[in-house]
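Please find one structure pasted underneath; my questions will follow.
As written, the chain order gives the labels A, B, C and D, with residue 1 at the start of each chain.
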Amino acid sequence: MAILAFMPDRYAYLGPEGTFTEAALLTLPNAAAAERFAFPTVPAALDALRSGTVDRAVVALENSVEGSVPTTLDELATGEPLQVVSEIHLPVEFALLVRPGTRLDDIKTVASHPHAQPQCRRWLSAHVPHAEWRAATSNAEAAQHVADGLYDAALAGSFAAARYGLEALASEIHDVEGAVTRFVELARPGRPPERTGADKTTAVAFIRDDHAGALLEILQEFFVRGINLTLIQSRPTGAGLGSYLFWMDFEGHISDARVGEALMGLRRVCADLRFVGSYARADGTAPHSRRGTADADFAEAAAWLDELRG
Amino acid sequence: MAILAFMPDRYAYLGPEGTFTEAALLTLPNAAAAERFAFPTVPAALDALRSGTVDRAVVALENSVEGSVPTTLDELATGEPLQVVSEIHLPVEFALLVRPGTRLDDIKTVASHPHAQPQCRRWLSAHVPHAEWRAATSNAEAAQHVADGLYDAALAGSFAAARYGLEALASEIHDVEGAVTRFVELARPGRPPERTGADKTTAVAFIRDDHAGALLEILQEFFVRGINLTLIQSRPTGAGLGSYLFWMDFEGHISDARVGEALMGLRRVCADLRFVGSYARADGTAPHSRRGTADADFAEAAAWLDELRG
Amino acid sequence: MAILAFMPDRYAYLGPEGTFTEAALLTLPNAAAAERFAFPTVPAALDALRSGTVDRAVVALENSVEGSVPTTLDELATGEPLQVVSEIHLPVEFALLVRPGTRLDDIKTVASHPHAQPQCRRWLSAHVPHAEWRAATSNAEAAQHVADGLYDAALAGSFAAARYGLEALASEIHDVEGAVTRFVELARPGRPPERTGADKTTAVAFIRDDHAGALLEILQEFFVRGINLTLIQSRPTGAGLGSYLFWMDFEGHISDARVGEALMGLRRVCADLRFVGSYARADGTAPHSRRGTADADFAEAAAWLDELRG
Amino acid sequence: MAILAFMPDRYAYLGPEGTFTEAALLTLPNAAAAERFAFPTVPAALDALRSGTVDRAVVALENSVEGSVPTTLDELATGEPLQVVSEIHLPVEFALLVRPGTRLDDIKTVASHPHAQPQCRRWLSAHVPHAEWRAATSNAEAAQHVADGLYDAALAGSFAAARYGLEALASEIHDVEGAVTRFVELARPGRPPERTGADKTTAVAFIRDDHAGALLEILQEFFVRGINLTLIQSRPTGAGLGSYLFWMDFEGHISDARVGEALMGLRRVCADLRFVGSYARADGTAPHSRRGTADADFAEAAAWLDELRG
């Protein structure tokens, strides 16, 4: 059974309704027609997938301003294994949502998820310098609190306004132009999606804590096979300061000879290696190829070796 | 004027009163006798230092469970420059703070800073499985909300109980034994603290975005001088997905010959390099030294070269 | 047909009789009983093997004082391919051969192969300071010239004395204690000898002349598979100063997974790669093994990858 | 006293008269007007320089067909130190010198230095297939032997014919077009020649014999400073098979910041490092420069570091 032919019926996502995550989910071909379940936390959404309650889950992985999302990385690196089957890039465009009739001068409190506030810091300083910020579990929850009269304004996507009976007093209020959030669509472990020619692979390396120079060693495994990394992120393993794992996204698909050999090399030198997925790149960029690293080069070298070994 | 002889009068820290950050601050020799100002956000505390309102600031940098603190890294990497002058390690020990008389069965809501919840996840599942989690700007704010009757319980250090008229219904409820948070004491840029022989240096490298293999190149600058990294953390520069800076903590002091040469090497190969500080290690560990990398080795080689150059 | 079971009938070696090469040949198990043909040059001996006139050839490859033997390296690197099937280490022990009755004071001329003279330079300076050196095609030829009365003394192995009717006026006259010459036994290309567990492999890498850093790249192919080099020797390819090939001897056997993968890697990144042989080490030293590079580690990683690829 | 202003009066070279070495010497600006002393061996010529008998010595270092000249490398690597002050490239053009009237059919023996014979092997096979080769200490000595009637023909430069009363029966008989020999002009240690902007530096690294990966370590010292090697040659140290030194020629001048730092780095990691000279390249090629490795980059980085160190 090819995974690509499979049409999921039920999706989990980090809710509530009106979050960027829901907006990302709705970009998937069959999501609008499927059942969509909002979960209060990333672990809850992923556990629904692990237990079979849903077929897929969509969560944020990385933001071009705020960086990677620790909970997602940690769940995929050390929780019960799941597999990335696609990635979604969504522009970050914040609006200031208020109850109808509210003016800038009225705003004493602004609520949002802690990741949203730093992305609008400059706009807030310039336009509502005296407003205090309040933490919410999500931007959508912040919008709900505004609707309930608890706070005066919320930072959220403008698509959330209608759902909560609010209006966008200002839009495009994020400080950095061109910010993007990267979401991943997750499935239970299985055969990876087919190679498209413009793919990425994600793996997590656990290094031996008694081993200086481990990261250099890891990078050389990629370097000798001509594979570029697109993201490397260290995370604590929880075993004390100084004990790390490395989350790595890199060019190519697990079915590529060079990727397969690199994964085997990492498997051998690391304390442990977890394969997290091979999937089409959201930006469609084909890998930079170095001389001698195409599948045909590997096949020629293998045939040559077989001949020599007699 | 040597910085070490300087006794700060006024400290900023991430408040409110009763946070782990305040507890970390109070471990500094002269902090108890100094004025201590609580700020609502990391940027606010750092701005107070930048403007001269205070002499020092203490903020969290990294947690052995939750990883680095993005706001602190980003402020120090890309904000108006500040300097790390010491580091503080504080064990992470959470208690469940409640209003006197509250029993476990009474608890419907548990509030905390978003970083605290995942550190107590298993305990909460086991003991208050039906309680909902609520985000607060800090654990101390969560305690205040409990005191105000808004929520039923807060995750916080037991030292915060007295301050908010609460009691610790349970203590040591964190899932991971031995978790540690690393705080840094910051000053305005100036002459670094004297070398102690067991020091760390922090620098931030901005890589050229057109340069594959940049991280390998950076690591080789350390490797050839026998310098071990204790932390490497990529962060987005804000210029789009795939554009990163690297926060690096490594063994040694800027006055060490090998560290100076590595910094100069990084300065030359990176798009930009920011020195963030050299300071005594909290754990007192002396660097692993590789043959040929002591100051005496550098001095001998420099004398040899001078002689040859005539 | 296993090569090891094959008992060669006819050997070629660099003659004439009485050379160190003949002494090396005679250490082979079945050489004493086989026909042995002396050839005047290394190429002539190797051509006799290539054409099928003989079954094996023995020539010198490397000397611990004088270095590698250029003609042998070049013939094996760029001539019609042959295969190393064993190596032989022979101590270098020179004697001063003279016609019976000759005294030190009588010696006006000392003849030898150009490689022998530097190995006895100090002894000659001390004991026959006024004697002039004369070049011969081999030490055995020098002995013949002494027997013919052309020169007064020859530098040669003491085993050559009897054959030419000479006597050893002094023995062990080489300057360096413990010098060793390494000879190789060659066959026509075919299935390599079986792995013994203490093997060496020889290959020749031709680098692309437009490629800076090629040697570093080559060394990394070995490094990532934990393979130690025992000899690396650059040689001109004949295409101009600065165009080189690299002769490389390294630990392990072509049937080892790590050696096979390294050979394939070199095959892919080099302009050309020639496999010259896998054979038992003369010194019986087992390879230094790095964690994760045993055949079992490769097999485990390959099974893991197959499972993932579904 | 600048070395460049010094006009040597007396030169040593590897004789006798009529060798390629004499031809190379005569390309030096003031050599024709100076006294020129022929020595029978490379060590003898170098000892004359060491003792002050002459001011300079010229010897062959490397040939594009036959490779490096072991005696020269070893004398400069491990003998009493001398300094390379210039290099000379001379095309290799062999002629077949005979006594006037000799025809090809008359030639039974051809004499030459052992390095010359392989360079004319194919021509000799084609034109005098039955002639036997005879070793001589130099090609000029071979010519003398032909003049004396001992042998029938000599391989030598056509410029040697007149001097020995011979004639060139055939010229340009070398097999490889464009072959070049590289000679070096040597002085006693002292201040190196001034930087020209297109320079080479030579150094010899002695590796610690207990140190696997030493060559990789050495290459990384060059790589991080963006320095290209033009020649690397391992040579036995004489302490047993497997104990090597590395002769390295690389781009740049000892007064360049990047070269100085690389030399100091090698000095620190190697068991020993010998500086052999910095001198103008014979081919006038300017170094490939990598970003961040110019003197100005080093100066900027050093000023930056000084400022930080306060």
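Just so it is clear, a contact is a pair of C-beta atoms (placed from the backbone, for glycine too) under 8 Å apart; a residue touches a chain by one contact, two chains touch by 3 or more.
Each chain and its UniProt protein: A, B, C, D = Prephenate dehydratase.
Computed from a prediction, not measured in an experiment: that's the story for all the values here.
Considering every other chain in turn, none proves to be in contact with both chain B and chain D. Averaged C-alpha coordinates put the centre of chain B at 59 Å from the centre of chain C.
Here the CA centre of chain A is 57 Å from the CA centre of chain C.
For the pair chain A and chain B, the distance between mean C-alpha positions equals 25 Å. Contact of a single residue of chain C with at least two other chains is seen at positions 220, 223. Chain pairs that touch one another are A-B, A-C, B-D, C-D. Every residue of chain B that touches chain D in the complex is listed here, in rising order: 190-192, 217, 220-221, 223-225, 254-255, 260-261, 263-265, 267-269, 275, 291-293, 297-298, 300-302, 304-305, 308-310. Within the complex formed with chain D, the residues of chain C that make contact are 40-41, 43, 62-67, 70-71, 74, 89, 113-114, 118, 121, 132-137, 176, 178-180, 182, 212-213, 215-216, 219-220, 223, 228-236, 238-244, 288.
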